[in-house]
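The structures come next, written out as structure tokens.
Common to both upcoming complexes is subunit A, partnered first by subunit B, then by subunit C.
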Partner chain A sequence: MSNRVFHAVAGTISVLWLLPIVAVLVTAVRSFDDIAANGLAAFPQSFTLAGFGDAWTNGGASAMWNSVLVTVPTVFLSLALSSAAAYALSRFEIPGRRTIILLMLAGNLLPPQILLVPVSKLAELLGIYDTLIALIVVQVGFGLGFYTFVLQGFMRAMPNEVQEAATIDGAGPVQIFWRIVLPMTRPALAALAALAFTWIFNDLLWAITVLRSSSVMPVTPALLALQGQYVSNWNVIAAGSVIAAVPTVAVFLRFQRHFISGLAVGAVK
Partner chain B sequence: MRRVPPILLLFVLVPLLVEGFWVFWPALQGFWLALTNWDGVSAPRFVGLGNFSRMIDDPVFHTAVTNTAIWLVLFGGLSAAGGLGLAVLLQKERRGVGAYRAALFVPVVFSLVATSLIWQVLYQPGGIFDSSPLADPDTALYAVLVPALWRQVGYVMVLYLAGLKGIDPGLYEAATLDGATAWQKFTHVTWPQLRSVNSVVLSVIVIDSLRSFDVVWSMTRGGPYHSSELLSTYMYATAFQSLKLGYASALAVVIFVLAFGVIVTYLVRAFREN
Partner chain C sequence: MDRRHFLRVTAAAGAGLLVSGTASCATSASSGPVAQTAGTATIQSNLSAPAAKAAIEALVKAFNDRRGAQVSVNTVASETFRTQLPSYLTSANPPDLFTWYPGSLLKGYEEKGLLLDVSDVWQTMGDYPQAFKTLSGKVFVPTTYYWWGFFYRKSNFARWGVTPPKTWQEFVALCQTLQGKGVVPLGMGAGADSPWTASSWFDYFNIRINGAPFHRELLAGKQRFDDPKVKAIFTPWREVLPYTDPNGTAIGFQEATTAMLQGRTGMLLTGAFFADAAPKDAIDDIDFFRFPIIDPKVPLAEEGPTDGFFASARSPHVKELKEFLTYAATAEGQEVYLKASSGTVLPTHPGAKDTGTPLVQKGRAHLKEAAEITQFFNRDSSDALQPTADAALVKFLQQPDQLDSILATWQKAAEQVWSA
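Right after this comes the complex of A and B.
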């Protein structure tokens, strides 16, 4: 394919792909009156950040904070627990290690629907229903199998010599994990952290399963509430979706390489 | 590989217990609840396979199954075909190709809720359409499918790009020497070499199709008149809106059974690679 044809084809597709995003960005900075008077398709006659202000002050800010409170501990706990499991399962002869790895992975492949009713009842029973703790623990539990699977594959590929040398120097298994294996796992951890961040930040299903009150809702479910609250205030709804997309787009742009390699390696979700 | 120091058993046991408590134990309960009638308040009443025989006469269940099948074929088929096509188009490193890949990939990082709000804005009367395709039972399912595809295609493209990168360039050179056309190169070199990626993509799209919930829930809640209902949305509404927890669990079991073959295939492959 000649260069000119290639750029014409790829360029057209890319522009078409970005068009919805552009349309929403434009809608987000129009005023309500402009949209009401001229319609959504009309050329914008106004420029205002009022939509962002409305979306942010009417729940956006607190939802974003809730998302931070859920996402950061969930990513941290998931990776801490799964790298510990992956280390033991990949570098030592744990009895039944293959079975354990596959069992854990199988848990992550289950359709979440089979878990929804029991998980919400379990959270009620423990008295953590409608709290962010419930959302954190269930997402940690559900994600562990996948992260462990990816990490143990990565750790198994490490040369044995490093571990042996450290053992001769008198380092215990925990020290080896902390000082040698974890630092060497950094690229995989970075990829998984970027992926986990977007999955957890974007989650809707677990949130609406274990949470009820709007005061504890993270960004993604809060967007749905915003939609109900601002029916046909398209500038506010557009601004809300832009705000909700900013953190994940930022993570993607910052960790682009890790992010893509993580997707390609894992490929379960 | 060496003898196991006791502390490492904790390294495995703690994560295993967390997953066991929040995944395996609830999953077992889910299968049990599928055999009961339960309102969530009084004790569950055992009804055997009653919930499953009830599905036979449930018109909404029939719609949900049909729509899930349509979803599987269209969402799965089109995202696989589109993702492969774009990956082939953008596989060669050349000027500007990074920007095109990024453009196609951006929607992947949006949540499905944000995605569906973006498209709801586009669908509004007075925009592209005179009346919203989400409001018409004949078009609602397809109107929801478009945003889902918009987001999935870039993801599948990344998987195929990784697969294409692994193909030995010598194979293409040999094919060129033999005078192969572009199409012949694709059918005789690219496609056979993509076998393992194809099976990954197949698992991903089947699992993703059956999991699809967010986009339908945020755009239509399965309506109007259940016309865009999927098994996943019907299950959620049955559980948390109608509070028929037993019947909802039975619907979840149906989803599980549909996903089972793919899950097993995936695990077998993971086992071999291990």
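Right after this comes the complex of A and C.
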């Protein structure tokens, strides 16, 4: 009986949860004339994949490539830097390391909106405004604090004996980092990589702050650019959203196993 | 753990990063899109709707094909454009040209010295009407404009056996007839992301009853929103509220368009851009009529929002951009633009041919008959004042009996904007 109630409630919630996604998918395969004549909420009376083609040729393809060009190096760089920082902060007696960690955490509590103008001026000053390099630098900079904080918590939980044994075997700090600590941190790294990928891929704010040419815009601002001043082709926008969601879904599915184990390992210590 | 060893390693790693960091900076600075090639002026465009985007791209292509100066166009979402415009203009290396409209916002930038004086482009525009010249000042080149009116489907009006009204009495009678047939007479579409559509009603009541000069003074802060003259315009508005779509503040402009096209509502007060939201097979069936005359003594005014280009004062491509502006102001350039657009905008050049459809020809005549042209609420005032109007008018549509307190709040909010 209680099982049946559970299924009914959980099923209803799942349906409600999936409804917007279904709505987007349905809109994506309708024609503009159908939407304009019958409304967004009406039962579809057309089926066409033209929206996907439109979204792809209307800047979608290059935007997707730009997103990849930003996201992959950013994820790689920020995890490399923050794991090195976390290693130092968690395994060595660095003076004032508590303060450093707290400072990194505090930086995360700062709302990014108040930094928009300084960041865009700084990018200009460095001569990297309107380039993907600027976006990568900004994303790495803003991600670093959080990733370091998570990773150092994870690394601190590693038994000291492992490190001592490696030291006795003659391994230096770099070797220990590379051959002992990093492999052991893999679940946390994988989880963070999946998270970071989603965040950076879906970012809009920094992209429109440091970029202004449509040729370098990543996917999210490109999607926004499909909206007209007065009139929007909802089928093209919906199709574009579906295309834009594919990489994040793929990455999540690929890293799902690590994601769950990564979080769980952190939880039990 | 040997601490000195550790420090040495980190120092080395840090130095390595620094070197690679500066190296990548140096390459990016020279290859970035901002470092424009000599002689190519860039247009930052907010025309992100597919039809408008195609039109400006066609104009740029026609200009570049003349083998003179070259320009490139860069389209961003209109919302992104609006919020980023100040940072575009104040950046050290701004885009050369911008799509925009004349108005107080532009005047503000002009006073700050951010805009280029394009008077010599105006030298080539001798046959333009004085109204455009006054509107644009020294910094703006108008290329297109459009009109507002009550749009309806001819087939629906024929089916309901009604004809477009001229006077206010006929208008109210038409609403009554339509309601008797089970149709919601007036669409609104002031919900979702388009609360500004309600401002068109406010603008029209004000220019019909108090006239365009008073309207402009009001929006410029020289009159008060709680003035009895402003309060008076809500009396005829209240008269037609029972005929207005009860979902008027719930659904957005695009949905309201659909409702009108389907015949669920009778007509919609909207701009000619509305044709972009209609399916192609419905466009020939669309017609419009003038917002009815309420007081025949008031000189006829119409909304005719104008669009065009302005340039940055810091542009290194002054010669190129002026050549482009000159071309965009010619009849030839505007005809190229119109041919590629959805075809409901009008050329500002008096000699340029419009797209020639009956709807557009009627629209052009419609504005020619007007003694005064207003732009639109936010264009005649500012984008900062628009939200105060949205809040007040949406509240009026929902709670018309609260008018006094709504107008008092509006005046207070507007004073804050004006004094900012």
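As a working rule, the second predicted complex is superposed on the first by the 249 of 269 C-alpha atoms of A that agree within 3 Å, B and C clash if a C-alpha of one lies under 4 Å from a C-alpha of the other, contacts with A are read in each partner's own complex, and residues count from 1 in each chain.
By our rule, a residue touches a chain if its C-beta (ideal position, glycine included) is under 8 Å from a C-beta of that chain, and two chains touch if they have at least 3 such contacts.
Because the structure is predicted, anything quoted here is derived from the model rather than measured.
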Clash or fit: how do subunit B and subunit C relate after the overlay on subunit A? clash
Touch check for A:Ile114: first (subunit B), second (subunit C), both, or neither? first
Is A:Gly127 in contact with subunit B, with subunit C, with both, or with neither (first, second, both, neither)? second
Applying the touch criterion given at the start, work out whether A:Val174 contacts subunit B, subunit C, both or neither, answering first, second, both or neither. both
With both complexes superposed on chain A, which partner does A:Gly39 reach: first (subunit B), second (subunit C), both or neither? both
Does the superposition put A:Ser62 against subunit B (first), subunit C (second), both, or neither? neither
Classify the contacts of A:Thr71 with the two partner chains as first (subunit B alone), second (subunit C alone), both, or neither. neither
After the superposition on A, what does A:Ala84 contact: first (subunit B), second (subunit C), both or neither? both
Using the superposition on chain A described above, determine whether A:Asn202 touches subunit B (first), subunit C (second), both, or neither. first
Counting residues of subunit A touched by each partner, does subunit B or subunit C come out ahead? B
Would you sort A:Ala225 into first (subunit B), second (subunit C), both or neither based on which partner it touches? second
Clash check vs subunit B: of 6-14, 60-68 or 222-230 in subunit C, the offending stretch is 6-14
Across the two complexes, what residues of subunit A are contacted by subunit B and by subunit C? 39-40, 84, 88, 91-93, 117, 120, 172-174, 208, 221, 224, 227, 232, 234
Please output the residues of subunit A touching subunit C within their complex, sorted ascending. 32-40, 54, 58, 84, 88, 91-93, 117, 120, 124, 126-134, 167, 172-174, 208, 212-217, 221, 224-234, 236
Within the complex, which stretch of subunit B touches subunit A? 1-5, 7-9, 11-12, 14-16, 18-19, 21-27, 29-31, 33, 40, 86, 89-90, 94, 96-97, 99-100, 102-107, 109-114, 117-122, 124, 126-128, 150, 154-155, 158-159, 161-162, 200, 203-204, 207-208, 210-211, 213-214, 217-218, 231-232, 235-236, 239-240, 245, 248-249, 251-253, 255-256, 259, 263, 266-267, 270-271, 273-274
In their shared complex, subunit B is touched by residues of subunit A numbered 3, 6-7, 9-11, 13-15, 17-18, 20-21, 23-24, 27, 39-41, 81-82, 84-85, 87-89, 91-94, 98, 100-102, 104-122, 137-138, 140-142, 144-145, 148-149, 153, 172-174, 177, 198, 201-205, 208-209, 219-221, 223-224, 227, 232, 234, 237-238, 240-241, 244-245, 248-249, 251-252, 256, 259-260, 263-264, 267-269
Complex contact set, residues of subunit C against subunit A: 1, 3, 5-6, 9-10, 13, 24-25, 28-29, 31-34, 42, 44, 46-50, 52, 74-80, 83-84, 87-88, 91-93, 95, 253-255, 257-259, 261-262, 271, 273-274, 276-282
